[in-house]
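So, here come the structures, one by one.
Shared chain: chain A. Partners: chain B in the first complex, chain C in the second.
Moving on, here comes the complex of A and B:
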């Protein structure tokens, strides 16, 4: 089992590394980048929403924090967006603590609702702040800058490999958390919070760790978005619909599993892009209907997420006892 | 897993088949919000753009615009224009992806779009990176032409020009009708739209020697404006320049009436005052409001080509042109004009032709002096118009040579309507 999944992971990595070299069409590369970026957000969300079971519908606030911090640092002070990415992650983790301190007192749906409110508040604040670009946002300067400037025009490959690297980093953090005592505590908090507390697990402390990691990694994705699209505004960076998309990708793929959100992102983005390419120009919304219908199908037939397809197919180590009727 | 894979492969094949291309057509990518909150506007824009392309490709010369009825572009041996529509869903990232797809997969000669200023920002960045001309017919954010782009051309006036127009209107009133305005109060909702407009109005008022006696910003979702209106009233302005959305526009008008506040004129900044619900709700109390517009149907009285074009759109889709669709229609003609003169679909040739564009106002269905771009790609001959509600309808009152009605100034008292 272990060896099998390691081989699968390595094979997947090799395929991911080779993909843009084989698929040289820009639109395919772009779709792949969008998949990687979405996957990274889903995996980052998963630390808090999947392992710790704290469903956040306000993650756009962290995504936006990363984008805004790196953008403002680079535009106003000329600091490389790479450093801005780190600064954004730290700020988002701090914001996560601010959000978590009151919100972690709430359970289940109430926590989710509180995070929606937080997301909306952040959007309203940025909308009204001239220093943060207001509703107009920021347009980043166009033009090839080399590695430190983090703007690449000539080829999609840098963005692809940066997105892939960021995804691997996020998956790596996820994996480490999963294996460490923090991961066990988080799962305990998710399944039996009262039992966990009675055993001396500090709920707030470990939820807070999950929040900080999740927020920080989400912010790094925000910086990548800003440097790729070179335009950020509250509506595209901080909207609740983005928060929902981040959560949806992870839940669709399989929340609480290592690769589920990645798979979810590939399926979600794939469906989104292909249906839009096929039907988007008609103006009849056919793509959204198809997209929505496929999501409903997955939700109905695969409620544990797309990941469930694979875990079920994997042959169990000990074959279950065969029903007697088959062997008359 | 095989069957989903097969479905994906099928969809991918579908994607490829779209690429089929013929030599004698000129492909232009058109990016509009065809789904989402602005879908109905997007469909109007799409229909207007398609009508323009069909007129150029067809042989009916009755409209009387150059290229209309040319049976394709004469400069390219009668090559037909093919518009490839894509949907940006109001999402800047989708807009960028779609622009890239138009350029790399469909090999479009140029792109037109995208109505939303935010999407125009990202989509035109992709065009700039790839060296493909991007024509924007309908986004009004001034920042778009302040980016130093070489491949970006905007036919429509932007927000600053609209404010400028209001002051030209005041100047013309003084010069031609002897109406003197001195004291201006500015009243605006406090989000981006209102604060931005208020800032520009204040600057232009001072530059033009007017006295700004009061400037009140209010939250647009409030339920009462009594204290704000009292402030306005106390400042005894000659005119109020107002930027409001629908709900607050109606609320403010009702409050004016209740408190008996009557400036000589109310100069509104489009938006709520030009929403079709505004007059329905206000009835005769909505009369005499003056507002800026980009286009009006009654322009057809002085400019017959507008009425003719409108009849064509009516025949096909059963709707009238409006400011948005008229600009989308004009955008296609402006692009076709440049490509025709370029005599080529090479991006550099089209870029050069766009830079040399000089379309006279008579050849447009817009109330403009023409189309001619400055170094930033902004059309310098664009202009807005000013309409006044008279007998429950928006009538063009400025520029005076296009006006269908005389401006009624000052506003009659609330109880004498």
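Moving on, here comes the complex of A and C:
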């Protein structure tokens, strides 16, 4: 089992590394980059939403924070977006603490609703602020190209490999969290919050750790997006529909599993792109109808996420035969 | 050791406990008994910090603790075994026990406690790697008690330890509670199984609809015709 999944992961990695060299059509490469970027956001969301069980519908705020911080630093101060990516992650983690401090007092649906409000507030603030580009946003200058400038205009390939690297980093952080004591605490908090508290586990502290990691990694995805599109505005970076998409990808794929969000992103983006190609020409939004219907089907028939197709359920709740005899 | 004075607790606007006082002396077993819905668990959860009190005070070793969040009360020497056990079903037996020692840092001492718990509940040893959710009701209760002991409490708060446990095992659970008490751990026991609770407790408090209606030596209460008839349904 263990060896099987390692082989699978290595095989998947090899395929991902080779893909853009074999699939040379730009549209395919573009779709693949989109999948990787979406997957990265889903995996980052999963640390908070999956492992800690705190469903955030405001992650676009962190995504936007990453994009805006790196963009402003590079436009105003000429700082490399690579450094901006780190700065964005730190700012987003700080924003996460600001958001978490009041919102972690809320539970379940109320937490989710509060995060929607946070996302909307951030969007409204940026929309109204000239210093942040207002509703018009920023068009990133085509200045220094190449690796250090983080702008590549000859080929999409560098973006593909950067997206892949960022996804691997995010999966790696997820894996480490999952294996560490923090991961056990998070699962304890998610399953039995009262029991965890009465053993001395501070819920807020561990939720906050999950929030900071999740927000920081999401922000790094935001910087990558900004550098790839070279245009950011509140509508594309901060909208609640983006927040919902991030959560959907992880939930459809299988929240709380390592690879679920990656799978979710491949399926979600795949459906999105295919329906657009197949039905997008009608101009009546047919693609969106089909896309939505497929999502409903997944939710109905595979409620534990696409990942549920590959893993067996957690062990049955049926207890083994009553073991009275075993007690001396 | 534990002093609860005139606490009032409500759920939203509905008052549930109207002024309950009780005391647990170091090294003894105290029981809180009463009918379903009398407010027993509510008081116990307030002592652990899971319910807020509207008025009154809770003191541990003379220090008021009712302002502290639940997780900061554990290091002061008490731990709660909640009603319905609330194990972490997707973690192994071993991890559940380790989480019980969350507030402690000395690895050697934690290992000692683990050994002690495994000696108290030998069946847990062979099930260390099994997921807690796959244990039977009685086994889960014992694991929950074991987990509660891992913080090495001086005061163990037990909420309905006979809940959902096969009748044959109930006696064993109560024997174990007595054995734990003999090692010097004070126990505050909330139970619907009045007969059993009073027969192992030193002192007892009878609660009815959120008020204390009788208090005293457990054996006396068990012997008092009036108390038995009026409040305990015996």
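The definition used in the following text is that the second predicted complex is superposed on the first by the 309 of 328 C-alpha atoms of A that agree within 3 Å, B and C clash if a C-alpha of one lies under 4 Å from a C-alpha of the other, contacts with A are read in each partner's own complex, and residues count from 1 in each chain.
Convention: contacts are C-beta pairs under 8 Å (C-beta built on N, C-alpha and C of every residue); 3 or more make two chains touch, one makes a residue touch a chain.
Just so you know, these numbers come straight off a predicted model, no measurement behind them.
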Which of chain B and chain C A:134 touches, first, second, both or neither: first
Touched partner set for A:309, first chain B, second chain C, both or neither: first
First, second, both or neither for A:285, with chain B first and chain C second: first
Touching partner for A:196 - first (chain B), second (chain C), both, neither: second
Which partner reaches more residues of chain A (counting touched residues only), chain B or chain C: B
Touched partner set for A:27, first chain B, second chain C, both or neither: first
Chain B versus chain C as contact partner of A:276, first or second or both or neither: first
Chain B/chain C common contact set on chain A: none
Residue numbers on chain A that touch chain C, as the complex places them: 184-185, 187-188, 191-192, 194-203, 314-317, 319-320, 322-324, 326-328
Residue numbers on chain C that touch chain A, as the complex places them: 48-50, 69-72, 74-75, 79-80, 82, 86-91, 95, 98-100, 102-103, 122-123, 131, 133-139, 147-148, 151, 166, 168-169, 172
Touching residues (chain side chain A, partner chain B) in the complex: 25-27, 30-31, 34, 127-128, 134-137, 139, 142, 153, 225, 229-231, 233, 235-236, 270, 273-278, 280-283, 285, 287-288, 309
In the complex, chain B residues that touch chain A: 1, 8, 11-12, 14-15, 18, 34-35, 39, 42-43, 46, 84-87, 89, 91-94, 96-98, 100-101, 104-105, 118, 121-122, 125, 128-129, 141, 143, 147, 149, 190-192
